[in-house]
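Each structure below appears as structure tokens.
Shared chain: chain A. Partners: chain B in the first complex, chain C in the second.
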Partner chain A sequence: MLKVIVTTATPLEKGLTEKLKAAMNKKHGRELEFVFAVEPSVIGGIRVVVGSKAVDATVAGKLAQVRKQLLAQLEK
Partner chain B sequence: MDIQLPQLLFQIVNFSVVLGAVVYLLYKPLMKILDERADRVAQSLKEAEAAELEKEKLQAFKTKAKREAEKEAAQILEEAKKLAAKRRQELATETKETLTKEMQKAEARWQTEKQQMTANMKKQLVESVIQVSGMVIGKKLDKKTSEKLIAQGLEEALRSL
Partner chain C sequence: MAKKKVVQKTSQKAASAKKPAARKATPALFELPSLVRSVKLATSVESVGEIMAYADGVVQASGLDDLQAGEIVDVGGKRFGLALNLGETSVGIVVLGDPMDIRVGDSVARTGRVLSVGVSDAIVGRVVGSLGESLDGREPVLVDRYMPLEKIAPGVITRQSVTVPLQTGIKAIDAMIPIGRGQRELIIGDRSTGKTAIALGTILNQKKENVICVYVAVGQKRAAIAQTMKILEDNGAMDYTIIVSASASVSAAEQFLAPYTGLAVSEYFLDKGKDVLIIYDDLSKHAQAYREISLLLKRPSGREAYPGDIFYLHSRLLERACRLNKDYGGGSITALPIIETQANDVSAYIPTNVISITDGQIYLEADLFNAGMKPAINVGLSVSRVGSSAQLKAVKQVAGTMKLDLAQFRELQAFAQFSSDLDERTKKTLDRGTRVNAVLKQGWDKPLGFEEQVVVIFAAVNGHLDAVREEAIQQWEEAYLEYMHVAKQPLLNEIIAEQKLSDQHIEQLHKAVTSFNALKSDLMIKTEEEKETANVK
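Now for the complex of A and B:
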């Protein structure tokens, strides 16, 4: 069964989790397995991993991108 | 006074005999000895003159040799002085060149280290800024903004995954 891992800084509201489950199941046309993880280190936002694909919309992820871009600028 | 002729004649004959004997026995050998002595003296004088001449020649030779040796020594000294001056100049030039090269190397090393230090400082600054930004955002993030972020993230996730 395809696993969906959702990571947030604070626990998601139940209404939101149900909405997410329904939307993902509909999109994939089947029942998916959901894991909701809480990591304060992400600071804010959400990270969703489905199989080998991921979307990182966390504050920590954005900061990591900014960091990468700034360091790349310094290398030039 | 009575001069007696026979006695006179006898004295004269006697005297002549004695004189003859003296001349024959003493005078001639004596003269021979004197002549020999005069010859020896002349020989000695000749030898002395020759020795004096030889001495003068030797003195002249010594003087000439001394002069030539002094001249040669002066030339050697002069050449040594020139060589020393030339070597001093060469050493000074070499030292200057070496010093210049070392200074250039040190300058290049300093520039490289300076660039490295600047790059490291900038990297550290970036890390600090990111860290502080994370801390500030974490403290300032309110519920409304957090929910907005989550909603945006979900939208993107549903689009892409």
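Now for the complex of A and C:
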């Protein structure tokens, strides 16, 4: 069974979780085990980890990208 | 709205992140708004995993399903690791850098990169670590290109046979075990027999040869590395030398990588068509570091507990030494790996491996060293399989008879120990052998040009030293070279230019030595009687 970890800053609304579950089931076509985590440190957005694939659409993730790209610019 | 928030937060974060690099990056500070605007944001899709266990520098992690072997892994966002083992349920990652605050449960992520080191021409004269970090207290090395640590060796089509000599400046080596550019010549011997001294002497001699030198120190004491650096600096050799250091205090992973880092640096210069000399000091420690990693990764162990791929570890390293042909830049990498033996045992696992990989070996013996023969090269056991085609004609002309003299000498030496009553011919061979042998003694930090070697060896093999007292030979050599430079410089210049001895040169050399000997009667065996006693000795 594939494990899916969904991380958000605030708890997701019931409707949203059901929608997400349905979409994920349709995409992966096999049994999925969902874990919904709440972590304020992600600030906003959503992060979904399926097996070893992580899809990051959180504000914290974006900030990390900004930091990385700016530092890369500075090093040049 | 969300986007705007990101930008605000970013400027704060970027400003704080900038502090360490601020010194260099002052102009960039003014461009900050445009820089921030240039940042591209996208929903990232990453391959991640979780640390299951950490011990002795090795992380076992779950996840990372599509990880490649040898890929760099982001370990907990603060350091990187190298993926060496890919298993069904877990991967083995050796941690590079400080492992202090690794926690079980930390996330690991793919980077999609393989190990590489940033190199530019500015790296010459620097001391760097296995990951290219500056170790000499100076600014980070500027990066022109990233060179991969692991690379397939140049193919057959790109190569050319070894034809140009790499002068070590050491008479015994250049004359009898010549090394060519692109060759791999092993320096092997027990501890403190002068292995590093030969390597350093060779670096010192490259001053006028337009060769970039890379000295890779693996598992050495930091004090020893500092000393090496001082020697090179004092002799002005750091102007063309790079030191790659993984001292005994760094992790086994970094010690394992250091030779590959040195090689990657060398390949940067190779690609520019330059000749490079790389010294691995030493590969025994390198093999031990790799053994440590392999055992921690629970790979099956073989002979002497080394893993099965220990031969490949060294063969893929040394295969990358090469001489490229004109179409591919014409550069070369000459490798001088060093192996430390235990009690002269060359049949141990690692020594036999490296002997079979290289194009010959320089074999150093503690007995010779203790007997005052420095460099302590055992001429009988040392060979160079490809170097003779690279040897200069002039050296070849004088060295051919020398090998013969020495072979005869060694044969007779054993007899001579038992009997004092020797016939005239035997005595003569012994005398000659003793003197030729004595001429090969040389301070490691006093490299000689090939023309100087030629004239000295010429005198020895042609019997001009037979009349010189045995204990005065060193003195004679010094005075002779001085004399040649002062009185016969045109002749030396001619030899340098023509690189061979014509009949005319030989005649002039005979005359020169004879007239020099006439000047130095104080160094000669004086009477017939004295000669007798000297021979008995």
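Throughout what follows, the second predicted complex is superposed on the first by the 76 of 76 C-alpha atoms of A that agree within 3 Å, B and C clash if a C-alpha of one lies under 4 Å from a C-alpha of the other, contacts with A are read in each partner's own complex, and residues count from 1 in each chain.
One rule holds in what follows: a contact is a pair of C-beta atoms (placed from the backbone, for glycine too) under 8 Å apart; a residue touches a chain by one contact, two chains touch by 3 or more.
Given the structure is predicted, the values throughout are model-derived calculations rather than measurements.
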Problem - Which superposed partner A:20 touches (first chain B, second chain C, both, neither) - result: first
Exercise for the section: Give one of first, second, both or neither to describe whether A:52 is in contact with chain B, with chain C, with both, or with none. Expected result: second
Exercise for the section: In the overlay, answer first, second, both or neither for which of chain B and chain C A:44 touches. Expected result: both
Practice task
Using the superposition on chain A described above, determine whether A:32 touches chain B (first), chain C (second), both, or neither.
Solution key: neither
Handout entry: Touched partner set for A:65, first chain B, second chain C, both or neither
Key = second
Practice task
In the overlay, work out which of chain B or chain C sits against more residues of chain A.
Solution key: B
Practice task
Name the contact category of A:10: first (chain B only), second (chain C only), both, or neither.
Solution key: first
Problem - Contact residues common to both interfaces of chain A (with chain B and with chain C) - result: 44, 53-55, 57, 59, 63, 66-67, 70-71, 74
Handout entry: Contact set on chain C toward chain A in their complex
Key = 2, 5-6, 9-10, 13-14, 17-18, 21, 25, 28, 35-36, 38-49, 62-66, 109
Exercise for the section: Could you please specify the touching residues of chain A with respect to chain C in the complex? Expected result: 44, 49, 51-57, 59, 61-63, 65-67, 69-71, 73-75
Completion exercise
Interface with chain B, chain A side, in the complex: residues 8-10, 12, 16, 20, 23-24, 27, 43-48, 50, 53-55, 57-60, 63-64, 66-67, 70-71, 74
Handout entry: Sites on chain B touched by chain A in the complex
Key = 119, 122-123, 126-127, 129-130, 133-134, 137-138, 141, 145-146, 149-150, 152-154, 156-158, 160-161
